[in-house]
Amino acid sequence: MKKTIIGVMGPGANATDLDLENAYQLGKLIAQSGWVLLTGGRNEGVMDAASKGAKSANGLTVGILPSSDNTTTSEAVDIAIVTDLGNARNNINVLSSDVVIACGMGAGTASEIALAVKVNKKVILLNNDDNSKLFFQSLAKNQIFIAENPIAAIELVTQLLTT
Amino acid sequence: MKKTIIGVMGPGANATDLDLENAYQLGKLIAQSGWVLLTGGRNEGVMDAASKGAKSANGLTVGILPSSDNTTTSEAVDIAIVTDLGNARNNINVLSSDVVIACGMGAGTASEIALAVKVNKKVILLNNDDNSKLFFQSLAKNQIFIAENPIAAIELVTQLLTT
Amino acid sequence: MKKTIIGVMGPGANATDLDLENAYQLGKLIAQSGWVLLTGGRNEGVMDAASKGAKSANGLTVGILPSSDNTTTSEAVDIAIVTDLGNARNNINVLSSDVVIACGMGAGTASEIALAVKVNKKVILLNNDDNSKLFFQSLAKNQIFIAENPIAAIELVTQLLTT
Amino acid sequence: MKKTIIGVMGPGANATDLDLENAYQLGKLIAQSGWVLLTGGRNEGVMDAASKGAKSANGLTVGILPSSDNTTTSEAVDIAIVTDLGNARNNINVLSSDVVIACGMGAGTASEIALAVKVNKKVILLNNDDNSKLFFQSLAKNQIFIAENPIAAIELVTQLLTT
């Protein structure tokens, strides 16, 4: 039976230290909640940190890779889905996630939030970028949620999964 | 030899009257400039209006369809590219455009702007949504340009194509 | 760490009784071997039967869905990857599999074998279609292997994984 | 209004001299018939030769590129659609073509024939590979047609477009 999948999206090379710390905590809490973690799968930034956090709590990790092979796959990814789609894989990330958490901000992350809104997914923003919060909340008030920290994000996920 | 392609992205069903008017003018001006118009190809909203504007000036129009057939293709599209990719086709829209003009705002349009930024394309915003301007300029100051009207947008395209 | 993924591809609605029986056995043997099963994920044909076989042995099952939601996902799929790519998702099926087993024959299956050959994957054919065996072996002698039954197919997988 | 698009698919680097000659003639005849030529867009093999043939008769050429930019685009392509989808773009090639001509044989070409069959397109085979003819005709008798030379292929296209 289909397992619950929580997507954590965020910057790769440009992730901040706080993004990485938050991503690790999110991954750990997702695993502890019994959910599967889904990320963009690469061996850097939020994808890598979240996957490592989930493995620290014996979670199951799925990575949706933009590349055509596994040379840049995070070592903390259990199930590597190799798409060779470049950034078009971002749409798969959000379609496959029951709830999306955007941890940090960047162009790829912004595309994932917008694509998630487009297909009626709920997105939780965890970042310090006020412009992004203002914009995405004005775009889709009922689908965008703000979390102050990883624990608050996971509480929101729990609520959203049961509504 | 590859022709210059200008992409016009914008809402479908939710386009405003001003969006539609702007889109028609953009399409017409793009055709008069000798460029090919590329849109998302469907028979509504900004896609349809821009394509009709381009045809009014005997331009060539390309539509990148999200669907698996041509049942919803705008009658003003000459070259219909049928992708069956859903919103993942948004990435093709921006990759295939030499410059992207975002006319109006919505979740799909926001995803296209973000994907364009991600692959280092220049994007011209033509809308009344201040939050989107603030956000995307803060995301990528050097890639986002603001136009007040279709003529100003086309002047910006001309400048961007020669730099 | 990335788990070994074995893909089982085959017809949906047009699968024969023998295809379904073989698919179930393949799924079961893949699970018993400790590998993850990957299929096209839908609730019919070879995809469904292989997934059920794997679950009968407590295996982990991944489904790469062509659709935009989970309404046609097999109940025996644990990890549902929702692509909204239509048949373009066939390329993901083969790229994500360490070895591909084609169980039965049809247009979709033929496309997966050809795409697998294109990206240098090994493919095991398990079917009664002599024309397909002749053609694909002539296309790529070193990448196409013939199995007479599910047990022989799994023995071939074991060999191919260690070379 | 949507123009008629004829797709010519075939090997890149591995095209034979005869494939290239046939592709050039096909492109030329397609242009002379007033149709748009669609290929995989790269600067080698059947894609390049067909596009050059079409341009020799002042035709319009569309290329569906697998890459993320135009560095390998044929100079004979007018409309370059940049997909960054790798081989998944093969599905777009067939979905966008009113009729598909497979000129020569290889793994990529075989995937395009199979994907075309899957979505109910008609395919004309022009090659010396008897195994491929036997297999694809057995797969889909009513969708596969055999041509002995480019002129015969174009006559078949004309017939298929009017039925």
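Order of writing sets the chain letters: A, B, C and D. Residues in each chain are counted from 1.
Following the convention adopted for this analysis, a contact is a pair of C-beta atoms (placed from the backbone, for glycine too) under 8 Å apart; a residue touches a chain by one contact, two chains touch by 3 or more.
Model, not experiment: these values are computed from the prediction.
Counted by C-beta pairs in contact, the busier of A-C and B-C is A-C. The centroid of the Cα atoms in chain A and the matching centroid in chain C are 28 Å apart.
With centres set at the average Cα position, the gap from chain B to chain C is 40 Å.
The residues of chain D that reach two or more other chains are 68, 84-88, 91-92, 119, listed in rising order. Chain contacts in this assembly form a complete graph, since each chain touches every other chain.
Contact residues of chain B toward chain A in the complex are 85-92, 105-108, 110-111, 114-115, 117-119, 129, 131-132, 134-135, 138-140.
The touching residues of chain A, when paired with chain C in their complex, are 1-3, 5, 36, 60, 62, 64, 68-70, 73, 75-85, 91-92, 95-96, 119. Within the complex formed with chain D, the chain A residues making contact are 68, 84-88.
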